[in-house]
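Chain nomenclature is as follows: A, B and C, assigned in order of appearance, with residue numbering initiated at 1 for each chain independently.
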């Protein structure tokens, strides 16, 4: 791994970038938004399984690319909903992956994997069909060692805080177990109520039942629904949560009266609603979530613009999150106006907005964040969590919003061992981008050093209202 | 200020860029579109007031950024509509601004201010909380000197022509005073009839009354409305205007019959119209304005895609132009078809189109300007009047439309002392962009020199049909 | 012509780019999509006419730019539909073109022409008003030589395969003549049925009549229409076609029942249909075309998002393809869902999608191609077939889809002598782009070499299912 990787090849810019990166290289990792499973840490003896269990089967970035080239999901070992057999020989799956690793040339997945195998697992060879089994052995050997238990990696990765993402109905049992243990890492939940808020979620009625059970509030109308959500937020907050997370197809917001909201809620309970009801109710609940954030101080995150499960054949056979969520053209200016007019100037609200439509960076999001006190720009998300994606993000938003209306970086990953690689790409990309401004005499180098730390570390802590580090960590 | 600022750090490109810039560095400034108040020049003794009166309170680029970080508008001294007290200690406001000047790192506002303070006011220190009061003293001291009267700065800035923007109902008294004086600078009005053309403007009926008064035509129906507009255009033209300017939410154009137009006009007079009437009437009036431009030769400018006054709370307290105008997704191909089919091939029309949706550069605007004789591309506008904004503009439009279907640069500013800095950023950005084509062997250096002058000077004069410079100027 | 033209001026990147380019510089040209007239090759003695017949009159890239500056089409010699006189002095037309050649500075047309004149015709002078007649003489002299017959140029250009684009009703007489001749070049047709599939085509009824005639199937209902199309596809395939091509205003797809399709077809036969019928029928026929491609293996190409003949005045005087086709905002995620759900996972389908809306690269097309096995990304098209257009394409799609979900390059041109220049720009742009990844340590140089060949040659052959080269060619 070249120490100057990802920096510009221009010697002047490269030198400044390397200096800026050096100041942030070893800073603790702040991970305020992600999808790591907390059970990795609740059980001190948790095992990652085989290299394929860890790196291939759960990673939709990887299997969607193999699938795009016609490799059947069964051969990758992705479990079917109907329980029918899929490939179970993990060495065979690994071989297939390695044979096709060239597909990831020039992609962030390729970058992360190379970095992760090298930095975490000490693999120095290139992944090819020839090296496949040797590398498999190396990783498997490492995974059998006690230093490769999740808790040890968490410490080695120098993670200051890790936020998971958890359903509103979650009991947070694993978080409770972590808290109750003698291990003092800061692992906090994030309140994500989509499955009860979006009335067209599969099994919504069951989710409402679960909400009643877990909140001990009988959810039978809009009023009790709100009460139950408030109860859950308070519980999440007591468990260390500092943020909520909300996904929606569009950014539409708009307030209903309680009576109107209850009419839709009752229709939903009976399973009798149309798509307009869905949109109106979600738009109303986003307003409610902003209202609650003003009250309880939880930072509100909004992720919009993904058409989930685009491939219905795949969805029916394998379920959600199988690499077939496709972005949509997205509008924020009109859609967020009601929410921002009502709550956007309230100093108690922080609203972090993410997009999959890069055209909204300069056209809508940066102008909105450059005006409304509450609004901050979420890091480049999902498909854009890549070197060029990060450069386009910074190019497009900073001139209008500055960096101080961004929320810094988050890794947004369920692939725990890839976390250091992802932060490293961001830190290098940001250092290189700032260096570009230094060598063009737009920033002085001391300003760029401060901004490098802001982008790598401080802005995320600030936007997510994360406490100062526990002295024994970081 | 580094002499090579904003150029690429690649030595080859930088050297060519510096040479190209050198040929345009001292050319007179052509300012065919802007918002400088003509009273700066009608009164030879006009005073700019304090540094805060000049640089902070009227500049929505500055206070929107402070506001976005939660600083109340009152503390910035922005006057409230209700006349309630706001901060009046200008040293305190300046201190607040300086304490927060780091927010502008990497923004065009930061670039302009640093350049302006250095080049115009001789300030060599960086703006920080520590230097704030010293810098305030320095600026205040300069502003008290006779060389810092607007007319002297106009001469020092080497402005060849400055166009203001003026309501259709304006008597142009200040322009008349300038003309009547012994000072021979070329300051011309621009005809902007939005407040009478867009029937949903606040106080539209009053504006129509004012139009009757100023035109001496009793505006009571569509026919007299058109007559009055024609009268005003003729008057503006007699006062030196070479252009009109039109803002609309969308670019929709379409012709109504006179009878249909009159029906809407009558409804507007009674205050009884809906949003469709507004859109139809504006779309029709854009056609009429093009028709009049064909007749009187005034260049027509069209600015679309801003949702004005997005923050209603702020609007109700402080009024318009407070940094809360947010861009919208914009469509031109279908919207401009009626106008371009009717007038777009007429050699007597020049139509300059501006956008806040950068996606339209390569998708719609460059293909349209690369075909229709009448159409020219306006300079990157507002949020995109920035270094990277300019680069994206040139990258996106030139391959399809060439530079000769652009209208060069305009500074579009009400901040008079920032004018040289804004032109300098454009001249440097354009020189650097052309240098990029030279070092990649796409242009020869002599071609690039000619294009550098075209972009800095000639194209604007041509698109706005500005006369050759009066011998005593430039 | 500088040997390092179009490469970055950074010495490190330039050196790698030059090395990568060197491996692909002389590879045979694969031309799987274009608009060259097959009669150039059916008649061994075909003459290109004058330099203006060859280079100016048929090239809408050239005359639209001249027209955009107010030069009347008549003066460029473009024939009128009414047969009225246009300029016939080709030296005068050439002079006009040369006088205005500066308009093309920084455009791909300028790049292609300079390369073509130099590489094909040996012109070393710059095109100006002064050199115009000398250059005309030089080209005319060359065109009179036997080595400048189309077949000789085809060989000199080292074209491995050239696909033309042909109406469904075409008898492919010229292709038959080429096949029947003793000249063994691989020139294949492409099946383009738009004029019978899109029911709002001018003269659609006549086209249906022609379809009956050529297929010997009496097309009187939907069923016989489908049968005739299948007959034509089989015929095209027998003549060497490996692909179909489809243009539509939007990407809308959706299946009708046979009965519903027949209702619209019958309305179309009577000339009684509305715009919804047009959209539904085209959307349905795209599904049918995918179904047939699954059956016969022809690669399916889809080009959407152009509003044809935007300038009706020009259209009425000069007809189609006169440089007034303007792109539209385009949506793929929802529009292609029915087709991709039904056929997108079928290993027998290859669907290559092209766009004129660059925002869809990263937002929709790369995510779709990065998931669905059938879908591949078409090369940057039309306005974006340019140096920066290619860079934006690669920057935007590779991180999500990799290069292996692209279809490589196609030149899409009717300007036969410009083919080598167009491939050269792509090969240089791709080499330079890959070099950028090498010097940033994202790719190893050996990987980049392989990818350079993939982008220049292999991916196009694979996506278009082109046979291995006949030993005597390439």
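Everything that follows uses one rule, which is that contacts are C-beta pairs under 8 Å (C-beta built on N, C-alpha and C of every residue); 3 or more make two chains touch, one makes a residue touch a chain.
These numbers were taken from a predicted model, which means no experiment stands behind them.
Undergrad: Taking all residue numbers at the chain A/chain B interface, are over half used by both copies (same) or under half (different)?
TA: different
Undergrad: On Cα atoms, by how many degrees is chain A rotated relative to chain C, nearest 5?
TA: Resulting rotation angle: about 120 degrees.
Undergrad: What is the distance in Å between the mean C-alpha positions of chain A and chain B?
TA: 41
Undergrad: Of all the residues in chain B, which ones touch at least 2 other chains?
TA: Those would be 10, 329, 359.
Undergrad: Using the touch definition from the top, list the residues of chain C that touch chain A in their complex.
TA: Those residues of chain C that touch chain A are 10, 12-13, 329, 331, 333-334, 337, 340-341, 344-345, 347, 359, 362-364, 366-373, 375, 395-396, 398-405, 436-437, 439-444, 447, 450-451.
Undergrad: In the complex of these two chains, what residues of chain B are touching chain A?
TA: Residues 1-2, 4-10, 64-65, 67-70, 102-108, 111, 126, 307, 310-314, 323-329, 356-359, 383-384, 386-389, 392 of chain B touch chain A in their complex.
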